[in-house]
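Notes to accompany the following structure.
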Amino acid sequence: MHMDKVRVAVAGASGYAGGEVLRLLLAHPSVEIGALTAGSNAGETLGSLQPHLIPLADRVLVETSLETLAGHDVVFLALPHGQSGPLAAQLGDDVVVIDCGADFRLDDAAVWEKFYGSPHAGTWPYGLPELPGQRDVLAGAKRVAVPGCYPTVSTLTLAPAVAAGLIEPDVVVVAASGTSGAGKAAKTNLLGSEVMGNVSAYGVGGVHRHTPEITQNLGRLTDAPIKVSFTPLLVPMPRGILATCSAPLTAPLTAAEAYDVYVKAYADEPFVHVLPAGQWPQTKSVVGSNAIHLQVTVDEAAGRLVAVGAVDNLAKGTAGAAVQCLNLALGFDETTGLSAVGVAP
Amino acid sequence: MHMDKVRVAVAGASGYAGGEVLRLLLAHPSVEIGALTAGSNAGETLGSLQPHLIPLADRVLVETSLETLAGHDVVFLALPHGQSGPLAAQLGDDVVVIDCGADFRLDDAAVWEKFYGSPHAGTWPYGLPELPGQRDVLAGAKRVAVPGCYPTVSTLTLAPAVAAGLIEPDVVVVAASGTSGAGKAAKTNLLGSEVMGNVSAYGVGGVHRHTPEITQNLGRLTDAPIKVSFTPLLVPMPRGILATCSAPLTAPLTAAEAYDVYVKAYADEPFVHVLPAGQWPQTKSVVGSNAIHLQVTVDEAAGRLVAVGAVDNLAKGTAGAAVQCLNLALGFDETTGLSAVGVAP
Amino acid sequence: MHMDKVRVAVAGASGYAGGEVLRLLLAHPSVEIGALTAGSNAGETLGSLQPHLIPLADRVLVETSLETLAGHDVVFLALPHGQSGPLAAQLGDDVVVIDCGADFRLDDAAVWEKFYGSPHAGTWPYGLPELPGQRDVLAGAKRVAVPGCYPTVSTLTLAPAVAAGLIEPDVVVVAASGTSGAGKAAKTNLLGSEVMGNVSAYGVGGVHRHTPEITQNLGRLTDAPIKVSFTPLLVPMPRGILATCSAPLTAPLTAAEAYDVYVKAYADEPFVHVLPAGQWPQTKSVVGSNAIHLQVTVDEAAGRLVAVGAVDNLAKGTAGAAVQCLNLALGFDETTGLSAVGVAP
Amino acid sequence: MHMDKVRVAVAGASGYAGGEVLRLLLAHPSVEIGALTAGSNAGETLGSLQPHLIPLADRVLVETSLETLAGHDVVFLALPHGQSGPLAAQLGDDVVVIDCGADFRLDDAAVWEKFYGSPHAGTWPYGLPELPGQRDVLAGAKRVAVPGCYPTVSTLTLAPAVAAGLIEPDVVVVAASGTSGAGKAAKTNLLGSEVMGNVSAYGVGGVHRHTPEITQNLGRLTDAPIKVSFTPLLVPMPRGILATCSAPLTAPLTAAEAYDVYVKAYADEPFVHVLPAGQWPQTKSVVGSNAIHLQVTVDEAAGRLVAVGAVDNLAKGTAGAAVQCLNLALGFDETTGLSAVGVAP
């Protein structure tokens, strides 16, 4: 049986998230790429801004507007936080809208306003299919909120331990991210001269905006109120996040027992790979792929479970998840157009 | 009509070239991956050595030998220089053998022996389909010598100018390469601590082994004896080569005229992209892809044509070319399993 | 009054620690550099191995032995762990011996043997002058055990909080290190191709050898048994460590109160800089310098104090501390030959 | 005899060149650091912008103006090109003014206007003491134009060959630079996400502004009109330039003969180091230092002399040269406050 291609628009095509959505869509057999929109870059060719996307190099970016986004089956929004809300409200209910921004991720309006400083736009189905029951929510969904990159890796790295009650609801996450997570807007502190040869911490003390999202995700897996200490680090690489996560054990546990819980939890997941015991994740293995690599152990002396996860912040951390959700929303095979194989070295 | 998959072995699967061949073959619809062989790493799982190749993680590497390579339709050799010769001599004529090493690239035995210091193993069809007439040579070939990474980019960057007689046969190439070109063997000068924050020149003065290969390639395009001054640089990135090539003009020429020659020369090439005038190549745009990006101009004051090309040394520079040649040798569409889209940023 | 220069030998001059000791000694006005020794590199010039040390380029490395080290006032040992013990036992009591290795750092022989797998060589005065009372121990000392790089930054980042009883004795340290901390021996996993664009965790679960040293240091500051969860990360830069440290608060505390404790604790320290409130450390600021930069805050929701420290693992983390201890041991001004100014960007 | 410290102001203290001037001045025994000025950053502390300069962290930047610069013995100008001219015209003749910008480097007003697009401000003594006779010009000078970073390394790498008539006046320079050479202004193409893992060419075809400066310098060494083909590359590191320079030989020459010419030419230079034969320069060896490392050979097949030089673009390439000129202008020892030792690895 023949299936017509779905026509897809990408709003924010000049940024890193938009570019990665396009890179993945170019490999998706059931997608036809329609309008590419931008803000200040409207009028330029995509090739001048995203020279790696050769097949689309001659496409001219148009203004992000209801008019330019009209007439598509699917609209990806890869816009600065706060811009998706007003725009999405005007897109018809028949269009599938997949938002790579933060606007519709949080349940709690008060928490949203505290962390983002603007009115809450609402809550959409959360695009992390690996959470229990979430595939049912995403199947046929017309709206999807793609998770943040840090929440994706932090949640999947801790979820089995939280769900199985192995750890106290008091977790510490230190996540080292490549610079593309900070976006493509020109800022002095993100210059190559500043970030190369340098590691820094930022958003320390629970103030990073992804903190409540991690808390919300883990909170769905346990009845106890959960405390999350989250510290992001900026490290000198373009892509990738490595999250080091730990929490006190609720009861004595061996590393082998913890490992077994993780292996079972993710046995059927196409993109979650618990590495062989003793092999620890590295970000390079997942660059360009939709995979997350995980490992877990127990520190007996410290009385803690320690788990480490690695994702590509732009792929599984953003655009890959977006395409995975597209597949679920439209009924394609979930892995269509996505790869679990990274580009290394 | 159904086409059975061809069964492919990869000798040297633990190295960078072998790993990249496997990464590309995993996306090739007509290939079944058979034996994976190694030297000192035989007995280990591929996952422990190439953790990005998740679908093959449990495969155990076997010794490189006639026995382990038997029973395949195609054998890729990704071995240290000098090892392909003796092995290939024993592989049957019915097997397609694609050598990523240097053993069969040079025509001239004396030149081979001068630069490699060992007896010449012979000369195979040269796997650079973009050279005039070369696709005919490669169609149905049973043996292919994949070009070196520096010769690939240097040749394609200069070929239109040489073939059109725009420049004197006296070229200067300075090519900056990522470190994977130096291989995966542990050496102090290739440690991260040494190469990060560092640029160095090596093989200066015409002694790098790729010099005669560049000379041979360009020499096919002109009747005049050609002189090549080649200097490779090691730069702090894992992948990519940027070649800056120049030569004296034979006659007054405008930048627009030079550009026109390049655009026409490569108009039908699926993987050669002459960028829009004024946009210069960067290696990041071609990472993981089989594309080469080119640009050319004229320096009137210096009286020289200057052209710049960028490739991924492991992809179009090695493994991508190898798969492209596989496609030609077996009659698949030349671009099967290959992408012109890079992974950026 | 004239003070003759002290004559100094450096054992292990071809490695990173030895090279950094020499770089600093070249700027020390009261030192004359004597024998430079090495293992397998003996017989080579220093210039061929450490080309940045131009004034010593023609020096020839000699074998590390009692004979070559004889006749010096001070001997720096920058040797692989386990080699300092036997050698130091034979050096006379009149010679000042400063060991950059681990052999003499730990008090507890059983802990040493558990983590290092060899007999305990003994315990020397610990070269971290910023610990309470430690300057008295180091003044005039004939033997000094220079701290490990991770323990230096972890201890100084947590010490004020532990000593003031602000936090529970249950700390979590995630420390991101540049690659020079792993030494100059050629290993595949330390190749530039592997580490660039990559972050990985290693020694996870309390098994890294610096864990007991951190525990020992912090244990000196509190009566309670202290638990340390320590995870090191390898990040793509040559130098620097950023340690993110946290622990549960013992009682409600504001960020300002925590900051005040840190400022007071280090008010008189020449190399410890608590940054202005709100400014977080970055490793680049301390490259090449003997400084440590610190910042602290309170995460109220998580109920934790979070402190971050940055050092150059080779300078304050190893060779800078060694020279600082030389100054204390010989009665020079503690800051002689050392700088608090980093090389940035 | 006692010499009072000279009082020095730095205009443009928030940028990379200004920061490096300050880093070096902090180690200069005869300098007292006075006013620190900036443009849009005026009013901020230096510590918030240059956190590595701890001893000056509390200094507040003031507006760049005649008033703030008054009352100093020396004024360093580290301003965007075009800003030094108008300002310098108003500074008194008794003040020593050392300009790190381009405004006063070129002799030829027409060339200036062609490359910089603004009126020519004049020509000052050129701050490259290693050029023949130049120390006499700089001794006691009240005005100094510090050379550009590319011209410094290109000139010193080629000068002995040009002066000795070894090569035709037709040189090719390809110079790979770290990103700090492009300054600290926030631009998308200089983001870490863009430059890491990437090499690109820019200013190709003789249009880079440093081209006429190289031509001018080399032209002083020969009677023949000289042609310079100059291509700069941007490579992923913060500091350093490696220049690969070549030209046709005028007559047969051995590598040993060429080497001998270079060794003799620089025998008395404190900061120019011709490496032992066979050892090639790398940028890391000169990071933070005022040294330039050189090597030369002959490519017989190509008929060219090939020389390679490495400098730190911010140190010997800008701020180090500026301090060296300060020393010459004021009669200090030329090497005061400067080091030939790099920070490596």
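Going in written order, the chains are labelled A, B, C and D, and every chain counts its residues from 1.
Going forward, contacts are C-beta pairs under 8 Å (C-beta built on N, C-alpha and C of every residue); 3 or more make two chains touch, one makes a residue touch a chain.
Because the structure is predicted, anything quoted here is derived from the model rather than measured.
Undergrad: Given that subunit C is a copy of subunit D, what angle of rotation, in degrees and a multiple of 5, matches their CA positions?
TA: Between subunit C and subunit D the superposing rotation measures out at 180 degrees.
Undergrad: Looking at B-D and B-C, which one has the bigger number of contacting C-beta pairs?
TA: Looking at B-D and B-C side by side, B-D shows more C-beta contacts.
Undergrad: So what's the Cα centroid distance for subunit B and subunit D, whole Å?
TA: About 37 Å, centre to centre.
Undergrad: Averaging only over C-alpha atoms, locate the centres of subunit B and subunit C and give their separation in whole Å.
TA: Subunit B and subunit C have C-alpha centres separated by 44 Å.
Undergrad: Which residues does subunit A have that touch at least 2 chains other than itself?
TA: 16, 178, 180, 184, 193-194, 196-197, 236-239, 282, 284, 287, 345
Undergrad: Using the touch rule from the top, collect the residues of subunit C that touch subunit B in their complex.
TA: 16, 178-180, 182, 184-188, 190-197, 236-238
Undergrad: So in the complex, which bits of subunit C are touching subunit D?
TA: Where subunit C meets subunit D, its residues are 16, 19, 23, 26-27, 45, 47-48, 50-55, 57, 180, 184, 196-197, 238-239, 273, 275-276, 279, 282, 284-289, 291, 293, 339-345.
Undergrad: State the interface residues of subunit D toward subunit B in the complex, per the touch definition above.
TA: Within the complex, subunit D contacts subunit B at residues 170, 172, 174, 176, 178, 193-194, 196-202, 204-206, 211, 227-229, 231, 233, 235-240, 242, 244, 246, 248, 255, 280-284, 287, 295, 297-304, 306, 308, 310, 345.
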